[in-house]
Each structure stands twice: as C-alpha cells, then as structure tokens.
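What follows are several structures.
Across the two complexes that follow, chain A remains constant while its partner is chain B and subsequently chain C.
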Partner chain A sequence: MKHVIVIGGGIAGMQCAAELARGGIRVTVLEKQSDTGGKLRNWHKLFPSLTPAGEVLGGLNHTLRRLPNIDVRTECEAAELSPRRVVLATGEELECDAVVVATGFTLFDARIKEEYGYGIYDNVITSADLEEMFNTGKVSTTSGAAPRRIAFLHCVGSRDEKVCQRHCSKVCCVTGVKQAMEMKELFPAADVFNFYMDIRMFGPGYEEMYREAQQRCNIHFVRGRISEVSPTIDGRLQIKAEDTLTGRPLKIGVDMLVLLIGMRANDMNAVLEQRCGLERQTSGFMRPRDQFLHNTESNVAGIFYAGAVTAPKSVGESLNEGTAAARGVIEYLAAKECTDNSTIDE
Partner chain B sequence: MSFYADFCIPFIAGATVMFAAIALKYVTWLKRLPKSDLMLIAKGIPTPRTAGAVWEIFRESLLHRRIFRVNPLLGYMHMSLAFGWFLLIVVGWTETVAYLGMRWVPLQGHVFFKYFMPMNGIEGHKPFFDFVMDLLLLFVLSGVALAWFKRFRSRSMGMKRTTKHVLFDRVALTALWFVFPARLVAESITCGLYGGGSFLTGGIGAGLAAAVPPEALAMAYEPAWWFYSCALGVFFVAMPFSRYMHIFTEIPLIFLRHYSLRPEAKEKSYDNFEIQACSRCGICIDPCQLQSQLGINDVQSVYFLRDRRYAMLQQKIANNCLMCGRCEAVCPVGINLNTLRLNSRSTMRNIPNERRYNYLAGLDRSQGEGRVGYFAGCMTLLTPKTLAAMQRIFEAAREDVWWADKDGGVCCGRPLKLSGEVDSAQKMIDYNKELFRRHGITTLVTSCPICLRVFREEYGLQGVEVLHHSEYILRLMHRGRLSVKYSAATFTYHDPCELGRGSGIYDEPRAVIEAVGHLTEPAHTREDALCCGSSVANTAINDAQQLRIAEGVAQELDATDAETVVTACPLCKKAIMRGTARRVADLSEIVAENLGR
Partner chain C sequence: MINFGYSINKPRVIDIDRNNLHKSNEILREMPELQACIGCGSCTATCTAGNLTSFNFRKVHTLVRRGEYQGAYEEMNKCMLCGKCRLVCPRGINTRGVVMLIKRKLGDF
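Take a look at the complex of A and B:
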C-alpha cells in the first residue's frame, strides 16, 4: 500500500487526506497544533452564506475519522522533506511515496503597524479576535459596554509595502463586510464604518452582500486608510483618516476598531526553499509548477501543494485544492508504478 | 642674466592665466559676500584666530593630517605632493637667493634655476642645495608614484572606489603626473652635460653621460626643458577650472572659517569657497550607503559639489541623499556637505504656498500643565509605544508635563527644511515657538531626534532647555527621580544619524541601556554608525531601496546576537523593524518596562 504524508491538518490538508484515503492510499497527516482544523477552528461564520465554521469543520473531521488508513499525528512538526521522506522536528524520519504540503498561512501580526495601537490601546482588535468574541458570545468593549461606534480598517498587513506585504490577501474585504453586518446585527443602534482602499468582491454572492451592507444595514464605507489612532481621555479611540473621495481629512471617535489582518507567508516557507529545493514567490508564498495546469504541484516531482501555502485563498478554494492535490498524487503514484514495473520487466 | 628662454613661454602663459583666473574668482566671491560676513572677517583678522588659521593651513593644506587618519599611505601621497611641492618652491627660492643674493628674479628664473645656472665650474657651488632639492624631488616623485599606483590599486590605499573625473580634471591630472618626472629628466640631462646635482639628478646625469653620446644628450636638452615647461603650463591653465582649484581655495576657506563664516539655509557667496575647496579626492564615496547598498554612484557629495560648481546640478542628484552625515564626518576638507546640499534644494524647491498654513492661526491642541513640555513629533505619534512609555516614565518621576502634541500638533518643520522648503518650514517653526512660549515651559523634551535638531539649531528657544528623551531619562536617573531594574537582558544600540552625528549624543542612550541590561555594539557604531535608510531627507529613492538599506543595517545589529535592538528615533525603529525578526524597541520602552519600585 502506497503511503503519502500530508503536512498540515487544516482544511486543505484534511480534504486532501480524505480524498487520498478514498483512493486506497495510506495517509499520515502531520498537524502542529493539538487538533486538526487549522485557522478555521477559531472562526465563527463563513462568508457569504454565514454558514457556521463548525459545520464545515465537523463534516471534515467526521470524514477523516470514518475513513480507514488515515493516521493523524497532532503536535507534530515537519523540519525537512523530500518526495520519499519527511524528517520531523524531533528527528524522527518517516518514509513515504509522495508528500503534500498544506501548511497554509500565518496571520499578519497587527502589532507591527504600531500606529494602529494594537496591543497598546484597549478596544483595538483584529478580525480574528472578533471571530473569537463571536464564538464566546461576549462581544463588547473592554469595559463591557456595547459599542456605539465601530470602525473596520481594511488591508492591515496587505497591499502594504511598508511592512513588506505587497500582495492582496483577497478574503479580508468580504470578511470586513460580513463582520460589519454581524456587528450591526448585534448592535443595531451602532454606527459602523469601513475604511478601505478598494473593495474587491470577487466571489459569488459577495457583491450582493456588499450592496446589502450599504443599503439594508446602513454601514458606511469610507475610501481612505486610517493614518493613526490615539486614545482619548474618556476611554474611546480617536481615528485620523482621509476621505479620499471628498479629499477631506477626517477625525472621528470610535468605541472599537477592528483591524482586518491579512494573510502572510509562513516563515517555514524560507526553510522549504533553502533545504528542500522548493521555489518561493516574491510574496513568500510557495510557487506552484504553473498557475494553470499544475497548480497543485511543486517544482519537485512527488511534492504537492494544497491550499493557502501557495497564495491567500478562501475556504472553498482551499477545499477544492485539497481534492485537486489528491487527484494529482494518485495520478503521480500510478504513473510511477507503471514505470517501476516496466523497469523490473526488462 | 636675463632669465629668459623660449621654452619658458608655456610656463609663463600658463601661470598668467592661472593667477588671473584665481584673482578674478577671489575678488568676485569676496565682493558678493553679505555685509554680515564681511563684518565677521574685519572683526576676525586682528585676533589670534588668524594665527590659528595659519597653523591649520600648515596642518591640513600641507601635511593633510586628516587624510592620514583615513589611511596612512593615502595621507602620505597627499602630503608628499602638497608639502613636497611647497618645499621645492621655498627651498628653490632660497637657493636662488643663496646664489644671487637678494635681487629680483622673475618667476621662471626660480622655477628653471638649474637651466639658467648650470653648475659646471661655477664659483661657490653649493652642493647642500643640490642635495636638499634632490631629496625633495624624490619625496614628491614618491607621491606621484603612489598616485599612479592608486589608479590601479585604490583598495590598498583604503579606498574601494575613486572619483570619476571630468575632462578638465583628466587634463590637469595627466599634466600633473608629468610635471615632476619631466623635471627629473630635464634636470638630470642638464647635470649630465654640465655637472652638479646630487644623488638623484646628479646620479642619473652621470649615468646618462656615461651611456649616451654627448651630442645626443645635447640634442635632448632643450626639448626636455620644453616638455617640463609645457607640463607646468597645461596644468596651470587647467587648474582654476579643475579640481586642483582646491589648492588655492582651501587657504582662504580656512581663514574664513576661523572668522566664523558658515554656509546657511540659503545659498550665498561663501559657499563658493567651500564648493571649490573640494579636491574630489572621493573619500566621501565609500561611506555612502546609497553606493554600498544600492549601487547608486553618481549622487555622492563629490559629484553634488562638482555639479553645483559647474552649474549643472539636477534635482535628482540634489534630492538623492540621506543626509546621514557619514561623508561629512570623513571629509578631509571639512566641507559642510549637508548644509550646502540643503541650500541647493532650497534654491530649487522653495515655493511657499501662502494659504496652505492658514490653519495654524489660533490652533492649540496641547494638554496638561507643567514646566516640562513634551513634544512627541509626527513619527512618535505613529509609534505610540514610545508615547505610552514616556507617559509611564513621567508618572514614575512625578513630573508635571505639558503635552504639546499628544492630540496631534504641528510638524517641527525639519522635514520641510530637509526638502528645501525653507520658508514653509519657518511658518511651522514660528507657530511652535509661539506655542512653547505661551505655555511657559522651561524644559522641552522630545523623543524624536529630527525634532530635537531643529529645536536646537533653528528655534532659538531662549530660556528653554531642549533635551532628547535619552538625556532627560538619564538626568532623572542621576538625580534619583527614576530607578530602573538591571537584568540579564542583552541589547544592542543603533545610533540615529540625527542624534549621533547630527547632535553629538552618543553616551546618554548607552548609559541608559547599561542601567537596564547588557549592551553590545554593532560593527559600525557611534560616529561611524550606519543610516537606517528611511531618512526623510531622501525623496529620490523608493521604498524597496529604503528596505535594502534597512536590511543591511539590521544584519549588523543581528550579528551582535542581542535579544533586543534599541534605538532612540521612531523613524529608525520603524525602518529596522522591517529588516529583522528580532525585537526592536525605543529606548523609552525598555526603561518603562524595567522601572524599579
């Protein structure tokens, strides 16, 4: 029985492992955290349908447990890899016939944008923090009050040369719209502002959601980034921005500022490049063999990619890539078996 | 004796052109000096400053002491050419006096003395002068040999890169290279024919006389002197229009500098003395990070001064400078490179917009009350950890603070000054000065070295002591108003340009860091520290280029293996953070984190 190692137990890795197991392959999933699910574990609801993240994750976990030949090893980190072997951080070596890298992304550390005051002032939170608040059901300012005015700031750690993140993280625009609507739902009396550079509604239903946010929920969209944030004496936050459509500087006090943090490439990608001969893009994400016909293959035969390890992707896209990568692995193993057999025949 | 021969014509013509051109320059520059500068000169002349200037001229124009500090071999090269040539002239003149007594001898008589006074059978031959003159010629020739050597192996003389020269410089340089070898040949042939000379010219002359038939030697005699005269003539004609103008410009410059003349925010006639005192030695090229990190090699001070001198300065050259001051620190002539570049920028860009600053009227967003004022500055407002740390420090020291711009204020004016908009900057300076005066502060603390510099240099805040937060914190510690805990934490420190080279503050931040932990120094440090690359003074390079400079700096800081990189400038902090995964903190942050009791 062929053996494939999937590195990363996030949604792409889980989907890929399930698909491989269905194809009669023994799979080992290596997960750094204590449980599978990756970033989705901390998410509340998914755009644009507001499907609970737990529903998607539950389904995936159920499949994984049901299928034979899947071994999930949690709290387990890969240090080095080649198509036939993965070395763990502990030094243990695992033999295999192919490897799928589904290590995903890292959330941008909002503290780097010090001018927004994350980690310095109360009530400056990230989009990920807000999802956790939704999950726990305790959405309020630090003092426990209901926010009367809430601001969302788009592109924190995306499209920002100053923090060396030039790429667009793709999903934050619609996340900002979704979270703004959820906040309006929770606090109907509150004013909700979204500060943006561009609003990129690329997926099905996204544009409709954006329109609904403006027309039905009365959420304000201001084109302009926030330049700085400072605390006020009465415990609120003062935001300085520019409304670039009217060309006017703008100063408002808010009770809560949500930073829509982007996706950045994992630091480990540099290790993959240096030690494993894999190629990286200038953004730091891994470079697939090509963008069209071999989107889930790496430049090394026998090493595959699935999910956000190659670029920021939505949940749906990551799941699709899990399936696509598994199909690629199965084809690769079959083709290899053919050539191996013909070599023996001679 | 008439002291005339036809071969002297190139020399006489060259010398005439040179002296006329120099005199014309001096007269024009001096005539155009502002009245205040002329007053300074008049007041300075009858003081010991004049003697000081003479002493400095001896040290720098002749001995080139400062170049010795860059590299001993390079120093020797400059000294042998300058001091050697000077001595040849002085001793040569003494020689003519010794032979002929005190009488009028035309210039060419001194210079071509060997020609006019061949030594065969002369009464009262003085071999002493032959010896000294040969020794001095050898001294100068050793410098010329080094200059040739430097063309091919500049690295071994402490210079990775040398200046790319313009045509006039090349002509003058080539002529200069030939002057002394030509003199050696002409004098040696003369000695071969007529005797005299010492170990060098005499020795070669004797060798020539033994090896070459006398007719051949006699045939070479006149052409050799012609060649020597031509080399001198060409050099003299090219000299006032080439870099060698520095020889005669540095001398009045040193006098004027001793009389306290300085370049200012706007161009003035004095600048000519500084600009033309540049010898284009190129020592400023190597320290420039635009060159070493980005490979930009046409904007350095040597090229800026050259372009400005020949009136072909372009904005893209003038604007492409970090104003880090690394070149100024090594300039052997001590030219105020940054000030000159700034006043060029001012000439090119000073276009005040009268209405843009209308909002200043009646504006006051300051908070609190106290004799101590704190000015965060725009960049500290963008790095609020520093602001929060300062607040904790003020509270710990029980200081009553007037917060000038916590809720946003008006820029200190230096960024505009750096971009050449001197008049607009003045509006902000006036506004802030009035604000400080109105709130009656006696101490002004800022955590931004950019603000610090303009407060100290341009504001003229009488009765208000301006302190950088590093100085202020150290003072609180010394006076027992602030106590900190020492731990095993390790730090390295990046000197901000505006704080170190700009304001001479090196020890205070280090003393503060050493009070909270162990300090290790990066490879380039203190006066020699690198620039973070994010200087507001450079409006020409792009973000990616700034990042590359920052990465270079961060690499050196990383190499110290300290846990935390500390700096004392919000701009440096932001820049270095982009180049390292290590923690980068402002000085105030590590103090606030380690407050005792």
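Take a look at the complex of A and C:
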C-alpha cells in the first residue's frame, strides 16, 4: 500500500487526507497543534452564508475518523522533507511515496503596525480576537460596556510595503463586512464605520452581502486608511484618516477598533526553500509549478501543495485544493508505478 | 491696523464627534439606498452641471453623510434635475431623489 504524508492538519490537509484514503492510500497527517482543524478552530462563522465554522470542521473530522488508513499525529512538526522521506523535529524519519504540504499561513502580528496601538491601548482588537469573542459570547469593551461606536480597519498587514506584505490577503474585505454586520446585529444602536482602501468582493454572494451591510445595516464605509490611533482622556480611541472621497482629513472617536489582519507566509517556507529545494514567491508563499494547470504541484516531483501555503485562500478554495492535490498525488503514484514496472521488465 | 497678510486657517478636518449627524441620519433613514454608494463617480462624470461648474454630486452627498452641511444646499441648487446620474448609477440609487431630499432637509441650514 502506498503511503503519503500530509503536512498540516488544517482544512486543506484534512480534505486531502480524506480524498487520498478514499483512493486506497495510507495517509499520515502531521499536525503541530494538539488537534486538527488549523485556524478554523478559532473561527466562529463563515462568510457569506454565516455557516458555523464548527459545522464544517465537524464534518471534516467525522470523515477523517471514519475512513481507514488515516493516521493523525498531533503535536508533531516536520523539519525537513523530500518526496520519499519526512524528518520530524524530534529527529524521527518517516518513509513515504509522496508528500503534500498543507501548512497554511500565519496571521499577521498587528503589533508590528504600532500606529494602530494593538497591544498598547485597550479596545484595539484583531478580527481573530473578535471571532474568539463571538465564540465565548462575551463581546464588549474592556470595561464590559456595550460599544456605541465601532470602527473596522481593512488591510492591516496586507498591501503594505512598510511591513513587507505587498500582497492582498483576499478574505479580510469580506470578513470585515461580515463582522461589521454581526456587530450591528449584536449592538443595533451602535454606529459602525469601515475604513478601507478598496473593497474586494471576489466571491459569489459577497457583493450582495456588502450591499446589504451598506443599505440594510447602515454601516458606514469610509475610503481611507487610518493613519494613527490615540487614546482619549475619557478612555476611548481617536482615529485619524483621510476621507479620500471628499478629499478631507477626518477624525472620529470610537469605543472599539477591530483590525482586519491579513495572512502572511509561514517562516517555515524559507526552510522549505533552503533545505528542500522548493521555490517561493516574492510574497513568501510557496510557488506552484504552474498557476493554471499544475497549481497544486511544487517544482519538485512528488511534493504537492494544498491550501493557503501557496497564497491566501478562502475556506472553500482551500477545501477544493485539498481534493485537487489528492487527485494529483493519485495520478503521480499511478504514473510512477507504471514507469517503475517497465524499468523492472527491462 | 497694518495688514501683514497673515491669517488663521479654519481646520479642514471632518470631526465626526463634533458634527451633528441628526440631519444626516434623517436623510439616510428616508433614503437608505444612498448608503449603497460605492463612490464610483459615474453620477459626477455624466453630470451636465458638473461639467460646466464645480458641482460634484458624489462629493457633496458624501460630505452631507459625514455631517458637513455647510454650503450643501447651495451646491445642490446647481443641479438641473436632468436625471442622467440616475440612469448611470450602477447601484440604482435614485440620485435625483437624493438631490431633492438634501435640499428639503437642509433648506434652512
């Protein structure tokens, strides 16, 4: 029985492992956290349908446990890999016939954008923090009060050369719209302002959701990036930006500021490049062999990619790539067996 | 007194905390579709008045939404109500209705 190692037990890795197991392949999933699910474990609801993240994750976990020949190894990190061998951080070596890298992304550390005051002032939180608040059911300012005015800032750690993140993280726009609507639902009396550079609604139903946020929920969209945040004497936050559509500077006091943090490439990607011969893009994300016909293959035969390891992706896209990568692996193994057999025949 | 030509500029900043958003909220309550504006500028590009004067419909209604009412009524008077802006608006906003509403709400401002 062929053996494939999937590195990363996030949604792309889980989907890929399930597809491989269905194809009669023995799979080992390496997950560095204590459980599978990756970033989705901390998310509350998914855009645009507001499907609970737990529903998607529950489905994936159920499939993974039900299928035979899947071995999930948690708290287990890969240090080096080649198409036939993966070396763990502990030094243990695992033999295999192919490897799928589904290591995902790292959330941008908002503290780097010091001017927004994350980790310095109270009530400056990230989109990920807000999802955790939704999960615990305790959404409030630090003092426990209901916020009367909430601001969202798009593109934190995205499209920003000053923090070496030139790329667009793709999903923050729609996440910002989704979270703004959720906040309006929780606090109907609050004013919600979204500060954006561009609103990129790339998926089905997203644009409709944006319009609903504007028209039905009365969420104010101000085109302009916040330049700085400062605390006020009454414990609120003052925001400065340009309202670029009127061409005038704007300031506003808010009770809560949510930073829509982007996706950045894992530090591990540099190791993959240096030690494993894999290619990286300038964004730091791994480079697929081809953008169109081979986007789940790496430049090394036998090493595949699935999910956000190659670029920021939505949940649906990552799941699709899990399936696509598995198909690629199955074809690769079949073709390899053919050539191996023909070599023996000779 | 000798005039040395020095003066103090009025701050240009839009201060949402100081602005009275009462009128603006009233306008948006009556025509929530105005909130759906994506700032594309189609209305202003097609505007006959805008091509001949400094009238900029997009900018004026955005300022009104931020609580900046000064001069908005006078600006809206430049509109000839031809309705071309309404024909081109990709969000289907009744822009001519917005002009009339703003004039009605801010007539005494």
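Everything below uses one rule, namely that the second predicted complex is superposed on the first by the 346 of 346 C-alpha atoms of A that agree within 3 Å, B and C clash if a C-alpha of one lies under 4 Å from a C-alpha of the other, contacts with A are read in each partner's own complex, and residues count from 1 in each chain.
Here is the rule we go by: a contact is a pair of C-beta atoms (placed from the backbone, for glycine too) under 8 Å apart; a residue touches a chain by one contact, two chains touch by 3 or more.
Keep in mind that what you see is a predicted model, and the values were worked out from it rather than measured.
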Partner chain(s) touched by A:M197 [first = chain B, second = chain C, both, neither]: neither
Which superposed partner A:L245 touches (first chain B, second chain C, both, neither): second
Chain B versus chain C as contact partner of A:A79, first or second or both or neither: neither
Partner chain(s) touched by A:L186 [first = chain B, second = chain C, both, neither]: neither
Partner chain in contact with A:M268 - chain B first, chain C second, else both or neither: neither
Partner chain in contact with A:R216 - chain B first, chain C second, else both or neither: second
Doubly contacted chain A residues - partners chain C and chain B: none
Complex contacts: residues of chain C adjacent to chain A: 12-17, 28, 32-33, 35-39, 58-59, 62-63, 65-66, 68, 91
Parts of chain A lying in touch with chain C, wherever the complex brings them together: 199, 211, 214-216, 218-220, 223, 243, 245-253
In the complex with chain A, residue positions of chain B that touch it: 381-385, 388, 406-408, 543-544, 547, 574, 577-578, 581
Chain A residues touching chain B - in the complex, by the definition given at the top: 112, 114-115, 117, 120-121, 161-164, 227-230, 238, 240, 267
